[in-house]
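By written order: A, B, C and D. Residues from 1 in each chain.
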Amino acid sequence: MIRAAVAGASGYAGGEIVRLLTNHPQVEIGTLAAGSQAGKPVTSVHPNLTPLADRQFTETTPETLDGHHVVFLALPHGQSAALARQLPDDVVLIDCGADFRLGDEAAWTTFYDTEFAGTWPYGMPELATADGPQRHQLEGARRIAVPGCYPTSASLALAPAFAAGLVDADDVVIVAASGTSGAGKSLKPHLLGAEVMGSMSPYGVGGVHRHTPEIEQNLSGAAGEPVTVSFTPTLAPMPRGILATCTARIKPGVDLAAVRRAYDAAYAEEKFVHLLPEGMWPSTGAVLGSNNVQIQVAVDAHVGRLVVASAVDNLTKGTAGAAVQCMNLALGLPESTGLPSVGVAP
Amino acid sequence: MIRAAVAGASGYAGGEIVRLLTNHPQVEIGTLAAGSQAGKPVTSVHPNLTPLADRQFTETTPETLDGHHVVFLALPHGQSAALARQLPDDVVLIDCGADFRLGDEAAWTTFYDTEFAGTWPYGMPELATADGPQRHQLEGARRIAVPGCYPTSASLALAPAFAAGLVDADDVVIVAASGTSGAGKSLKPHLLGAEVMGSMSPYGVGGVHRHTPEIEQNLSGAAGEPVTVSFTPTLAPMPRGILATCTARIKPGVDLAAVRRAYDAAYAEEKFVHLLPEGMWPSTGAVLGSNNVQIQVAVDAHVGRLVVASAVDNLTKGTAGAAVQCMNLALGLPESTGLPSVGVAP
Amino acid sequence: MIRAAVAGASGYAGGEIVRLLTNHPQVEIGTLAAGSQAGKPVTSVHPNLTPLADRQFTETTPETLDGHHVVFLALPHGQSAALARQLPDDVVLIDCGADFRLGDEAAWTTFYDTEFAGTWPYGMPELATADGPQRHQLEGARRIAVPGCYPTSASLALAPAFAAGLVDADDVVIVAASGTSGAGKSLKPHLLGAEVMGSMSPYGVGGVHRHTPEIEQNLSGAAGEPVTVSFTPTLAPMPRGILATCTARIKPGVDLAAVRRAYDAAYAEEKFVHLLPEGMWPSTGAVLGSNNVQIQVAVDAHVGRLVVASAVDNLTKGTAGAAVQCMNLALGLPESTGLPSVGVAP
Amino acid sequence: MIRAAVAGASGYAGGEIVRLLTNHPQVEIGTLAAGSQAGKPVTSVHPNLTPLADRQFTETTPETLDGHHVVFLALPHGQSAALARQLPDDVVLIDCGADFRLGDEAAWTTFYDTEFAGTWPYGMPELATADGPQRHQLEGARRIAVPGCYPTSASLALAPAFAAGLVDADDVVIVAASGTSGAGKSLKPHLLGAEVMGSMSPYGVGGVHRHTPEIEQNLSGAAGEPVTVSFTPTLAPMPRGILATCTARIKPGVDLAAVRRAYDAAYAEEKFVHLLPEGMWPSTGAVLGSNNVQIQVAVDAHVGRLVVASAVDNLTKGTAGAAVQCMNLALGLPESTGLPSVGVAP
């Protein structure tokens, strides 16, 4: 059995990692470390984790995290690096924070206020490039940076088009709607149920959201040239889920058939990323609680644009599911082991 | 491998059975039969069932349902009996409709407008009686009637108190709130999203809801004497889940400690029914998509009443999860095989 | 013009009072006082109050509240008394907190941890008693205690039955579901949108909710004898609204016709309280944003119980609408002046 | 008093017109005509319209609609023209359908399957053009076409930028999220509460939504040159509201200050359209039930784009509120008479 610990286990991302690990046939759940919740029963914070009713959160120290094959870090941005430095090199560290996602120190410095910590292999096995997906970089890795939730939905939606050279690099517009768990368990007035139910609102408008450089990094890698994006996130009245609507200017002569061929080529063999049949459109409800990504494409000839919609569960494929998928790759297990491929709907 | 078919696979209950079966390690999914949806792709109706993207619904006939070890019936009330008669005796038939739940023909006739079809073993393995739970009646059974969703939440909430003789039989009040999937995929104006979001309303008030005699049957069995209940269902703005608030007049001298002892005795060994630690209260969100039942008890000495709250997912433990649990018992598998014991939260 | 101030204007109750006052033809909105939000623009907290875009919250002092004909107090429980003492006797003070609602000091002391402050005329003009409604006590009053939201829905639902002697005093069960704005703008994890959407849960179970003695006080007044109630509140996934399901044991020989006569007699002349036609049931969506109360009754002969359902908007008729209605009575204006009698639906 | 009738009064748009008219000080509500609901009580369909509890829907004929100063048409697309022809020329007809919105017959024919019926004055008083708003065309008009809900949110968001020459005409991307009442009271499975709650999905992707040519018509009028748009609508889990995220490529040298000046100039005198203070963003919750439009702007220099977000209530300003506003203009009343300028929040 693989012994796994979670640091930051009391948050939404941490709780989702634990949820998935309870179903993983080869994992034994070890330390569940928290901050202010240390000492409390796990189910007092995550009442859904019934099989762990006799467990408590522990403090987050190198000692409590010692003796595991894998440690998941589900900490606020900027806190992973310090903890990672204190853990052994041969432990598989899987960081769900932003700390090690960006390759460009300048981009980091522009968007984050902590010191640049370096770059770890990027945990998106299905990300298309001109050379195919790069999951081999994750096989056997001991340090992995799990992608952000918006970058997951947006990058998987557009990368095949860039990898196949179907769209222009300088005119990408992405508008994404996220369930409120994406904001974490922050006690802020605008996240109260009474405020979010029945209401939608944008935030981080004008290119200031921290996921912008990560999306650009992914799409630039796919395109083989610098890609810039206009990205607007919005808060939607649902607990989970991201629906990303992504558009790019299509190159002359590219039609829907060519687009579908490119996406088929990119995802036909993927277990979790699915180009839907024509006529169906993604919905976040259909992927709830699963590691699935639903994608559909359209070509708007009137304005010369490709429009791609993608749906993910921000906590599963958008965070914790990707983390477990990366663990599987790092440890040589079948990539989909223990991961749900069916959403909970309706 | 066990080969299982589902009749009524295009509805919410049928879709949930299929969802659970995709995760069952010993089941191969056979025929998925429907009515007007016959011939359509399964994922055009249940877009969450990604692994079945290449499957279509078939027509519902004895022939299409032939050749399976188990057939789940997820049909509108009153339609199971006719189909059941046409299927072989040695097939395990698990009926999610009401047709075979009631033992009392008079009760059936009062509440339903079809002919009384008889009574099958009742698929609630954990239901407390003075002689303990009666799951042995399900072991090896070839015909099983799966309980209704409200009766599941209400009966599991109150049966231990009746079985232990702690409450009076003639003064039970139950008010339950259900997610709208409980009404099935009915195209009625009051079930439209615009109508139900942000709104709660009662229905079937005054003892006219069809689940009333089923609850009374269960509690009478637990009490060993006739129990009558005032039952009011309400429609809540959520897709899934039932929260039942159940009260009964407590007998003189019974205190909270005695109540907790009775519930501990009833459920300590149960995998899916959980008396929560003191201070925690059930929430439907915590059991979403799982086969769990969360229960908490209080004694209101001021008015001499026991108050019990229970939460279930109406489609899982309330219907399809119970159905699969019964299948496991019927076939001699470990009772919890393939059933989710962790909810999808938040 | 009547000059009105609001203390606690930054909370949900305070914001709703201001919303209603913007539509009141005879009110000029004066000081909007807050605590930690003092100095901030009103629309930074209440972005719906567009016509007040140039206003700021002030501090809460006797000086800022001076010079008004009416002062609404929308403060946390226990804070009204101290402030009230510092305001002139001839100002109309309308307290939306609990401080002055209870007549029985012992009940206050059991449920609240601050000193008993006394009793003000109770602001429920339509509350039935054997002598008819008592709104004359509010005409010309200078101190009024606005009822709690649960007591409003429960008392209006049951008082006519007690006033007419149709039900027993010792066996009342009330289960109510409330939108999450009922908890105020408290930054608690269980009130986060991600937690409440899609989930229902009970709280304050077993007779410990503070609204219990207030409901009993109202029903005892209607009955002319002591009434005790089992009251269980639940949190529902909606921003606003209360649906109360109320049952009482009906006296021998009382039938539905007698019940409807009693409710017709109680409410036929009321502008805001409506006994629905037979066959319709209340929904919180139908009263959203209005001062209306929808009521429907059923008699469950099987168990000998009256079941009454009522729906209110907890912030409007449940708090701020009642407050403005009381102001109208205190100042001799037509009782319904400026109050919405049409809900915002769907 | 103005006597007003509504044809299509049983739908969501019709019900909202009636809701607003109940608060209009100079309107007497006449005939409420419906199709299959004719003969039923108004409150059996719209239970929020309490003051009309004694009214029934009538049939929709020239005779039932006779004798009114104003007739609102809230019919399915393609049905207004036939009815309009049968009504007198001097009656004010206000059509909430699409029939008379488009000036270009070819655009009509591309997107609709009924015959082109002609063009009526377009009921968006605040729509910016190089010559200022065109509300004078509505003053005294006897035929008015009320804009679509998406075109309202998108056009008011972008028109000032086009009218001021700040953005390019050929690269507009609009992604909008709508509450499900926008789909009307259609009995379709994907509109059931169980399907929409907790889920977002796009539809009409790739330029095929019928509101596309209407948006282009409005923005072309503002720009004085042909504007094309990529428009993607999405369905959001809320009853009401549209949040439109609109982007266009900004011309060299245009900065945020210039943009704010243009929007200030366009809307400073408008009662219902509000450019929010910097730092605030629109939310649909803040405009619920009101005729308000909230707008905020950002400039993303990184990609050279203007990003504008706007929020409206699709049933109020998006349909019925605009209709009443147009009636006021047609009849020479103050434009905002009877229209709510405060949203119902939270």
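Everything that follows uses one rule, which is that a contact is a pair of C-beta atoms (placed from the backbone, for glycine too) under 8 Å apart; a residue touches a chain by one contact, two chains touch by 3 or more.
Note that the structure is predicted; figures quoted are calculated from it, not measured.
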**Message:** Starting at subunit A, how many touching-chain steps does it take at least to reach subunit D?
**Reply:** 1
**Prompt:** Is the number of contacting C-beta pairs greater for A-B or for B-C?
**Reply:** B-C
**Request:** Select the chain at the greatest separation from subunit D, using centres from the mean of Cα atoms.
**Result:** B
**Asked** If you average the CA atoms of subunit B and of subunit D, how many Å lie between those two points?
**Response** 45
**Request:** Please work out the Cα centroid separation of subunit B and subunit C, and write it as a whole number of Å.
**Result:** 37
**Message:** If a residue has to touch 2 or more other chains to count, which residues of subunit A qualify?
**Reply:** 12, 179, 181, 192, 194-198, 237-240, 283, 285-286, 288, 345-346
**Request:** Take each protein chain as a node, join two nodes whenever their chains touch, and name the resulting shape: line, ring, star, complete or other.
**Result:** complete
**Item:** Residue numbers on subunit B that touch subunit C, as the complex places them
**Value:** 170-171, 173, 175, 177, 179, 192, 194-203, 205-207, 212, 228-230, 232, 234, 236-241, 243, 245, 247, 249, 281-286, 288, 296, 298-303, 305, 307, 309, 311, 345-346
**Residue ranges of subunit D touching subunit C (in the complex, touch as defined)** = 12, 15, 19, 22-23, 41, 43-44, 46-51, 53, 181, 197-198, 239-240, 274, 276-277, 280, 283, 285-290, 292, 294, 340-346
**Of all residues in subunit C, those that touch subunit A in their complex** = 12, 179-181, 183, 185, 187-189, 191-198, 237-240
